[in-house]
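Presented below are the structures under discussion, each in the form of C-alpha cells.
Paired with chain B in one complex and with chain C in the other, chain A is shared by the two complexes that follow.
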Partner chain A sequence: MVRRTSRAAEDADDLTHVPLQAILLADSFATKFRPITLERPKVLLPLVGIPMIDYSLEWLESAGVEEVFVFCCAHSKQVIQHLAKSQWLKNPDMAVTTIESHNSISAGDAMRVIYERNVIHGDFVLVTGDTVSNMSLAEALQEHKDRRKKDSNAVMTMVVKKSKPSPITHQSRLGTDELFVAINPDTKQLLSYEDNANPIDKSLLSDNSSISLRNNMQDCYIDICAPEVLSLFTDNFDYQHLRRDFLKGLLVDEITDYKIYTHEIHSSYAAKVENFRSYDTISKDIIHRWTYPLVPDVQYFGSSAVKLGRQGVYSASDIGLSSNAQIGPFTLIGKGTSVGSNSKVSNSIIGEGCKIGSNVSIEGSHIWNNVTIEDGCKLKHAILCDGVVMKARAVLEPGVILSFKVVIGKDFVVPAYSKVSLYEQPIFQDSDEELEYADSSNGMAEISSISASTGMPDGELVSRAAEASEVGADGAGYIWSVFEGREEEWRHSVAPISEDKLAELLQAADDVLDVPHVENHQHSEELVAPSIDPENLTDDNIDEFEKEVEATFQRAVQENIKDDNVVLEVNSLRLSYNMAAADCAGALFYSVMKLAVETPHSSISELLHNVTRLIRKWAKLLKYYLSSIDEEIEVILKFEEMCTESTKELSPLFTKVLQFLYEDVDLIQEEAILSWESEKMGADEVDRVFLKQAEPFIQWLKTAQEEDSEEEE
Partner chain B sequence: MDFQVVVLAGGTSKNLVPLVSKEVPKALLPVGNRPLVSYVLDLLEQSNLKDIIVVVGGADAAVKVGAWISSAYVDRLRVEVVAAPEDKGTAAALRAISHHLTASDVLVVSGDLVCDVPPGAVAAAHRRHDAVVTAMLCSTPVSGNTESVSSSGKEKKPARCNIIGLDVTKQFLLHIAAGTEVNKDMRYQKSIQQAAGQMEIRTDLMDAHLYAFKRSVLQEVLVKDLDQKEKFRSLKQDVLPYLVRTQLRSDVLTNVTLQTEENGNGILSSDKNQVMLSQLLANASTPSFHELFALGRNGVASTMRKTHKCCVYIAGNDKYCARLNSIQAYSDINRDVIGDASHLSGYSFSPQHNIIHPFAEIGSKTKVGPHCIIGEGSQMGDKCSVKRSVIGRHCRIGSDVKIVNSVVMDHITISDGCSIQSSVICSNVQLQERAVLKDCQVGAGYVVTAGSENKGESLAKKEKTVST
Partner chain C sequence: MPDVQALVNDFVNKLRKRKIEGSQATARHTAEFLRSVISQQRIPYTNQAGALIDSVKAVGEQLIAANPVELAVGNVVRRVLHIIREEDLSLTTAAIGDLNISDGSDDDENDRDDRPVLSAAALAAAARKTLRPPSLHTLLEDVPNATIVPLSSSGGDSEGKCKSADKSSRIRKLKHDVIEAVNELIQDIDTCHEQIAEQAVEHIHQNEVILTLGRSRTVMEFLCAAKEKKRSFRVFVAEGAPRYQGHVLAKELVARGLQTTVITDSAVFAMISRVNMVIVGAHAIMANGGLIAPVGLNMVALAAQRHAVPFVVVAGSHKLCPLYPHNPEVLLNELKSPSDLLDFGEFSDCLDFGSGNGEPQLHVVNPTFDYVPPNLVSLFITDTGGHNPSYMYRLIADYYSADDLVLQRKSAAGN
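Presenting the complex of A and B:
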C-alpha cells in the first residue's frame, strides 16, 4: 500500500506526462442491497459470476485510464483483499491504489477525503464500483477538454444514455426513477436535473432559444470531472450526494457559474447496478452480450472458462448435467455444478459448485456459488447467495432474496419479495439511508453483537435460527420485514412487475388523467415564486420565518404539543432561516399576542384578560428564548410594532401588558425596559407614543430602582 | 379540397391608432399601396383556397371591407364578408360565424398576416396527421426590428412571442404559452412529457396565427365554458393552449370521433384499438407518441384512451412571415414588402429596385432611391430625395422634400422643405412648409403646421380620435 502511494506521487511529479486518473467509489453509501451487504460489500457481489468491481476496473483499463484510486469504506478489508487476490494491485498498465476511510458516510465525504490526499492532478473519471460499461471514453474526454480550454468553468461532463421509462411505472428498466433533464441541444450544457416535472425557470428560457427537455434519459453515473470538483466538495462541506447535492448545487448556484455538460452515448453500454432490478437487468444484458467484450466467454478476469452454446447457453467445461435436464435459453452454468434429471433451468445464472436436484424448476434466478437445491424445488426470479440450501420441495415466490447460508426448510413456501438472512434485522433502523451502514466497523460491530447476543458460534446460530423456524421446520434464517417509509418492494425487486400490479397502475394513471386538470392563468400566477432579490431577501426571510413560527405555535395550541417539542421545532426553523434567538423570541411573542387578539372578546378588559392568561400559559416557552436583555428588548420592540401596525387594538393596553410582563410573569427585567426607553428617547415624536404611555410606569421603575439601591446601601 | 377558410380581418384595431379609423379599418390599411387584407387573400388564392369567409369587427367596417373585396376579387374568390362584434376576441368572432362552417376542416387565418408560406402546406400537414389543430409557426421576426426597436426604446432584445414545446420530430405541439405566460417560469404537463419522452422547447418561434382546425372540434370548443363562467376568448391564448393541454385525454371531445366517422373522414373510430394496432403493424412509419399512449402497454390498455393530435407546420427560415399588429410592425412590413420581401408586393420592380407609376410626375434633380414606390398620379417637385419609402396616390409634394424610411398614404400635400423620417402619414394630411417629422404617426386629415418639428409623436385630429 505505502509503496504504491509513493509511486503514484512520483508519477505525479513527472510533469511531462499527466496520466489519466480515475476515482472509483467502492461503496454505494446506500442500503438497497441489504441484507446481503451486511456480509459482503456491494462491489464484490457477483454479476454473472464476476464481482462488479472487476467489470468497472476492466472497463477503466480498456478505456485507457492509467491510475485508479479505489475508495473503500464499508467492508474495506474485503475489498482490498479482493483487489490483492485478483492481481489488480499488480496490474502493469493501470496503477490501482486503495484509499481507505472508516468515517465517510457519503460520496461527498469520500471526495473530501480524496481531496485531502492530494493525489488528483488533472481531469479525472469518477465512477462507482458497480458500473458496467464498454463505452470508449476518448470522445467524451476530448469534448470535455475542448470545452475546458474555452471555458474553465465547464467542470464536469456526465455521461447519459437514452432510456425510455415505462409509461406505466414511470421507471426505467434499471428500476431507477424517471428523470427530467433539460439540455441545451447545441452546446449540450445541462440546464436542469429534476426528478419531477418542475417548471422551467424563466431565466433558462431567456438564455437559451432552444431547450431540449427529456425524460427519456438514463444517468450512467460516469462523470468526467475537472480537479476543481474535488475542491468544490471541500468548499461546500454539506454536499453529500453526487447528484442531489453537488450537481443540483452547481446548477442553481448563480455566483460561481460552473457549468456541467452531458455526453450522450448511443451504441455503447453503460449502466450502474443500483438495486435488485438493475442487478437483474444488467445480468441479462451481459448474458445477451450487450456489454461485449465484457461477457462471460471472453476471458478477461482470469475466471474459469465458459463456452457459449446455442440459445445463449453458457456452460463451463466440467459440469454434470443429467441427460434429460432442460437447460433453457440465456442461462449460465458455472464450473462443477450438477443438475439433476427432469429439471428445467431458463434465463438464469448458476454459479460454481452448485448441486441442483431433480424435478427442479428455475426461472429467471441468480444462483451464486455452492448452493444446494434439493429435489422438487421451484424458484422464480430469486437471488440465492453463496451456501444457500433449499430443502426438498421448497418454493420461492418471485422476488425472494436469500442471503448467505440461509436454509429453507422442506415444503416451505417463501412469500414473494421476502429477504431472508441468518442475521436478524437490526432493530435500530436509521431513517436516513445515507447514514445507515456507514462504515465497516459499524457493520462489523452490528454483526458481532448479534453473535455475541446469541452467545454461540456461527454454526450454532444456524441451529438456533432453525428453532425460530421462520423459513420452515428445518430451515435457518430470519425473514426481514419491510419497514415503513421504504419504496414499495415491487419497484426495485429482481422480479418483473406482475400483471396485476401493472393493471392497477394503469388504472391509477387513468384516474389521475381523468381528474379535471386545473391549470390556469391565476393558478400559475399564484405559484410563481417571487424573484429573489438579494436586497429584500432578509426581510422576506423574517416574514416567512415569523409565519412559520406562528403556524408552529398555532399547531401547538390546537394539538396541545408540549413546550419542549415546540422549542425543538422553533429551533429547527431558526436554523433553517438562519435567525438569531432574539428573532425567535419576537416571533413567538407575536404569535402569542396574535392568538390573544384573535380570541373573541367584547371589551378591552376582556382582551387584557386574554392576553394575561395566554402569556401566563406560555410563559415557560417564552422564557426559554428570553435568556438575555437583547431578546427582551426585541420583545418590547415587537410589541410596540404590533401596537402601531398590525393589531392596533392592543395599543391602549401597552403599559398594562408591559407591567404584567415585568411584575407577574417576570419575563422582562427592568434593565430591558430602561434600555428600551433610552433607545427610544432619541426617536421621532411619532415613534414615542408608547414611550409616553409607559412614562409613569418607567418613572415608577426608576424610583423603585433607586429605592432598591438605597436599601442596599 | 374540403377546406373552408376564415379570415379574421379585425376591425379598427386600437393598437394601430392613429393609422386606422372608421374610414380605414385595419383590413384596408395600405401596405405597399395595397390593402392589408389583399395579402392574405392572394396567398389563399395561390393555394387554391377559394371558399373564404372574412370576419370583420363592426358593421360599418364590414361594409367597407366587403365593398373593396367584391370589387377586387370578383370572379376570383368566393368571399363572404360577415360582421362580428368588435373587441370580443378572436374566439368570439369565430363563434359568431360558427353556423357558416360546414366543411370538415377549417383554416383560420389572421387578416393581418403578411407571408409567403403556402397555407396549402399547412392544410396538407393537418390532413396527413389527422390532427384536430395544426398551427403554423415561423421564426420570431427580428428582421428590421432590431434597429427600430432600439430607437423606440421599448425592449432591448427581440421580444419572445411564444414558448413552444415540440416533439422530437418537430411535427407535434406539446406545449404552447402565449401572452403573459411567456415571461413566467414554464410549467409543462408531466403526462405529455412522459408520453413524448423528449420535448424541444423553443423560444425563437412565433405562432403565426394561421390554424387548421377540425371543424367539429372547433365548434365544440367554441361553445365550451372556460372556468365555468367565461367562454374562450382568444384562439391564440385560450383555444390552442387548451387543445394542446388536453391532447392526451380528449374526454372533452367525446362527440368528435363520432362526427368524423359520419363524415367518413379519417380512421378515428370507436373500435380504433384493433384497427390502429393492425395499422401500426402494417405501417412502416413509426407511430406517433399519441398512438402509443392511446394503446397503452403492449396494446392492452384497460380503458381505451382518447387522444387528439396537435400539429405544427414550421415555416422555413427563407420564408417571410409577419403579423401587422402594431405600428412598429406596420413600418417594418412596409419596408420589407418593397425591400427584402418585394415578391410579396406583387409588383415588378424597375432595375433600380423601385416603382414609379407611369402617371407619377417627378421634378428635376429629384432622386428616388431603391426600395421605393411612388403611386399613381403623385407629383413631386424639384430636388427631392426619397429613400426606402412608400408614397401613395395623388400626393402633391413640393420641392426640397426629404422622405426616408416612411410611408406616405394617398392625397397628401407636402409643402416645400419638409423632412420626413421613419414616419407614417395617413391620407389627406397636409404638411406646411419646412415641417419636420421624425418617428411620428400622423392621423388622417391632420395639418402639420409650418416649421414645426415633431419627434416620436402621434399626431391626430382630436375629433377623429373621439369618433373612433
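Presenting the complex of A and C:
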C-alpha cells in the first residue's frame, strides 16, 4: 500500500521532482567470504551485531534517498525475508523494492537486468550492500548535477577517501591492494585508476596541464551515476566488474568521451567490506565510533539497548558476567551472553546468547550469536558464526574462520588461517577456475551450491556432520584447503599480519631496493656483449683487452709461438671482447713497444735500436692487422698516447720510429701519416707536441709526394 | 490504535537517528507529539485520567529509550504526566463540589428508597468510576470516597441521565483541559528564551566583561537582550573545541553589535581574572543542582571558582531534570565520532589493524558533555527567575509529580 501511494505521489509531481534513486547490489559476486556465504549471503552477515545491508540502507535513508532497488541474486530469498522482517519494505520515507535475478553472475549483469526493468529515471546512487558510511550525499550530488549541466558526458562521480596504504605490505588498511589514481586537481576528473604500480600512461602527462597522482586514496565504492551508465553496461555486454571493466573501460575509451569525476570526503566515513581483513577493520572502526551515529549504543537500528562503558566496552542490558571475568577494551557483549570466571575478552565482538565458559581467552575475535565456548578455550583473531561449539580446551590460531554450527573437538588445535565448514569444499572449484572466474562466474556457482545446500534435509546434514571429524574426535566440520596460487591468505585474513611475515616483507622490500643496482650492473654487461656499436665500449674494456693482448704477446715472445697462432689467439680475444681490428693493431703495437721499452737499455740510441729490432721482428704480425689506413692511424695515435702518458722515454724517438715504420718496415703509409697530421691540426697546443716534432718529416713527406707527382708528369 | 503506533514509531525513529537536534527543539517536538497522542487517545467511559497516564507513560518510555542522552524528552514526558494528574485532580475536586451541592437534595429522596435495583447499578458505576483507577489511588486518597458512594446510590432515573451527560462532558473536559495545558507547555518552551532574556539587565551591568563557552541560543538571546537595553559590555567567547560553536556565536554577537573576543578553550584560565561573570548554557540541570553541559565547562567553572567569578547558568525549565546524576539510568554522556578531532586520512596509518597485534595504539575519545557539580554553580536563571542550585529540588517538586520520576523502572522490570 505504501509503495502504491509513493508511486502515485511520484507520478503526480513527476515533472517537478525526480526522486533520488539508489541501486543497492545485495550480492558481491565474489567468493571472499566463503565458506560462510554458502549458507548466508554476505550482506546479511552481522557487522558488530547488525547485518551489513542495514548499515547501507540506513545510510541511504539518512542521506535522503527516496527509492532503493535492492538487487538480490545469491540467497535472494533470505535477503527478501530479512527486508520484510526488518520493516524495510514498509518504510514510509524510503521505498525499498527488490529485484530478483538468478542468472546474473556479475555486477554488469545486474546492471543490465535493472536497465531492462526501466525503473531508473534520473541520477542514481550505486552502492553494494556491504557499504558502511555516514557521509552526506548532498554535496557530492550537487557537484555531480552541476557538472552534468555543463557537460552531459560526466556520467559518474566516484567517492574516495584519503587513507594511507601500509608501506610494507602495499595494501590498504582494508586489505585491498594499494590504489594508484591520477586526478586532475582542478576539475577532479579521474584520469587513471590502477590497483597496482603500473607506470602511468605517458600520454596522460602530455594531455593534462596538471595532474595529481595519489596512492593514498581509498575507493569507497559509492558512485553517483547518470542514467547513461546503465545503458553503457547494456551496450558493452562484456562489462562485468564495476571497476575492472566498466571504470577502466570508460577511462581508456577515447571515442565516447565519457568522463568520471571524484569526490573526496574528509570528516565522514565510508568503506566497503570486501574481505575478512576489511570486515575486521570496519568492525573496529564502528567500535571506535568513526561511523557515528551508526554505532552500537545509538540504537540506530532499533536493536536492543547497548550501553557504552569506559575504555570502549559496550554491554547489553542483561548479560551474565562472572565477577572475575576480565572484559578488556573495545569489546561488545551482546544480550543474554554469559562469560565465566577468569575469562579474558579483549578487542572482540560477542553476539547475543553466547555461552562462554571459564578460563577462556578471546582476543580480537568476532563471535556471532548463540556460540558456545567451553572452559579453557583460546581464540585469537577468529570469526565464529552462529551456533558454533568449541569443546573444552580447543584452540583457534589466528585467522581461523568457523562457519555455521561447526563443532571443534576437545583439545583440538585449529591451525592458523583455516576455514572450517559443515559443507565440503566444492570440488568443481579447482584453483585454475578459481583464478579465472574469481569475480565473474561464482555467482552461478553460489546459486547451484545454495540450492544444493538448502535442499538438504537436516538429517542428512547431521549425518554428514558426524562423519566429518577433521576438527577433533567429537568435532564436526571440514577444513577447507587453501588454494595454491591464490593470493596469500595472510593478506585478507581477519588476523593481523604476523611478526615474522612482516619481517619477511621488510626484507623483501630491502631486496627490491637492491635490485635496481643489480639490474644496472647486468644492464651494462648486457650492452657490451651483443652490441656492435663501438660507441658503447667503455674504457675498462679496452684496458682489459689490451692487457690480454699484451699477455698473449709476451707469451708468444717467451715461448716462441708462431705468428699464425698469435693471430688466432688475438682474434679470439677480439671476438670475445667485441673489438674492432684497429683495436687489435693498437694493442699489439702497444705490446711490442712496451716490450722494447722494458728490454734493458742504457741510452736513447740503444732504446731506438731495441724498438727497431722488435718491430722488424714482429712486422709480419703487425702487418696482418694493419690492413687499412684506419688501423694505421690507430697505431700512430696509440704511439702518440704512449709517448705522452705511459712511456715518456720514447717521446724523443717519436719521429724516428715513425720514419722507421714508414720507410724501413713499410707498416705505415704516407696517407695515414698525413691524415693523422690533418686530424691533429685542429687540436690543442698541448696535443700538437708530437706533430711539431714530426713536422720536418711530414714536410719531407709532402715534398716527396709532390716530387712524385711531378715525376709522374 | 494503529495510527498512534505508526506515529510513535516515526517519532522514535527520528529521535533514535538524532534527526532532532538540541534540547529546545526536542522538547518542543516531544510536547507536540504527546499532544497528538493525547488527542487521538480514545478515552474510556471510566478512569479517563488513568488511561491517559498509562498511554502517555507507554509512549514516553519508548521515546526516552530512543534517545536516552537527550534528557529533555524525559522531562517533557514527565511534565505532561504531571499536567494530566493536575487537571484530573482539579476536575475531581470540582465534581465533588457539585456533588456535594446536589447531596442535600438527594438526601430527601434517599429515604423513599423506591428503586433499589437501579441504585445498586448506579452504585456499581460510581464505584467503577472512582475506585477503579489504581494509579489514581494516591491522588484520590484525600477525596472523601465515602461521601460519593451514598450520594450516587440515591440517584434516580432522571438523576442518572443527568449524571451520564455530566460524565461525558467531564471526559471531554479532561482531554480538553490537558491539551490546553500542553499547549501552554509548548508555549512556555517556545518563549523560554524571551522570558530568560528579560532578566538580563538585572544581571549584566555596565562595562562588565562576560565569558561564555561554545554556543547556546539562550546565552545569545540573554546577551543581546542586555545589549538592546543599552548596556555596554564586552564578551569573551571560548571557541568550544572540537565543534567550535563559539565561532558561530561570535559571528552572531558581532552582527548584533557586541564587542566580542574569541579565545581558545585553553586560554580561559588566563583570561578569567579579567572576567566579571561567566554566563553559559546547559544541556540539562539535574535535581541536585548539578549541570550536564557541553564539554569544557567544568574547567571553566573551576577557573571561575578559583577567581571567585560568578558562574551563571541560563536554561529553560524544560532542561530541568528530576533525576539525580548518580542514577544509573541517567546517561550522562555521549561519545561522538573521532573525526571531529582529527583527520582520518592523516591518521589512517595509526589505525591499521593489519599490523602489530591487531589493536591500534591510537584511541580517540570525543565526549559531548561535562558534569559540573552544584557547588561550582552560583546561580541558575530559568524562565521563572533566578535560583540557587540548592533550590532546584523545590522547582522540580513544582513541575513534576513524584509518581513519574522513575518511568523506566517498569521497562527494566518488563524486560
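Going forward, the second predicted complex is superposed on the first by the 464 of 713 C-alpha atoms of A that agree within 3 Å, B and C clash if a C-alpha of one lies under 4 Å from a C-alpha of the other, contacts with A are read in each partner's own complex, and residues count from 1 in each chain.
What we mean here is this: contacts are C-beta pairs under 8 Å (C-beta built on N, C-alpha and C of every residue); 3 or more make two chains touch, one makes a residue touch a chain.
Only a predicted model underlies this, so the values are computations on that prediction, with no experimental measurement involved.
Participant: Mind working out whether A:180 is in touch with chain B, chain C, both or neither, as first, second, both or neither?
Facilitator: Once the two structures are laid over each other on A, A:180 reaches chain B alone.
Participant: Go through the superposed model and pick first if A:281 touches only chain B, second if only chain C, both, or neither.
Facilitator: Touch partner of A:281: chain C, not chain B.
Participant: Touching A:164 in the superposition: chain B (first), chain C (second), both, neither?
Facilitator: Touch status of A:164: both partners.
Participant: Look at A:216 in the shared chain and tell me whether it touches chain B only, chain C only, both, or neither; answer first, second, both or neither.
Facilitator: both
Participant: On the A-aligned overlay, A:502 touches which partner chain: chain B = first, chain C = second, or both, or neither?
Facilitator: In the superposition, A:502 contacts both chain B and chain C.
Participant: Have a look at where A:269 lands relative to chain B and chain C in the superposition and call it first, second, both or neither.
Facilitator: Touch partner of A:269: chain C, not chain B.
Participant: If we overlay the two complexes on their shared chain A, which of chain B and chain C does A:289 touch? Say first, second, both or neither.
Facilitator: second
Participant: In the superposed view, which residues of chain A touch chain B and also chain C?
Facilitator: In chain A, positions 164, 166, 168, 216, 502 sit in both the chain B and chain C interfaces.
Participant: How about chain A: which of its residues touch chain B in the complex?
Facilitator: It is residues 164-168, 170, 178, 180, 182, 185, 196-197, 199-202, 205-206, 208-216, 502-503, 506-507, 510, 512-514, 517, 519-521, 524-525, 527-529 of chain A that touch chain B.
Participant: Can you list the residues on chain B that touch chain A in the complex?
Facilitator: Within the complex, chain B touches chain A at residues 160, 163, 165, 180-181, 183-191, 193-195, 197-204, 227, 245-246, 248-249, 251, 292-293, 296-297, 301-303, 305.
Participant: Please give the residue numbers of chain A that touch chain C in the complex, ascending.
Facilitator: Interface residues on chain A, with respect to chain C: 58, 62, 92, 134, 161-164, 166, 168-169, 171, 173, 175, 216, 266-269, 277, 280-281, 284-285, 288-293, 297-300, 302, 305, 307-308, 312, 317-318, 329-330, 346-347, 363-364, 381, 495-497, 502.
Participant: So in the complex, which bits of chain C are touching chain A?
Facilitator: It is residues 10, 13, 16-18, 65-66, 331, 334-340, 343-346, 348-349, 351-360, 363-364, 366, 412, 415 of chain C that touch chain A.
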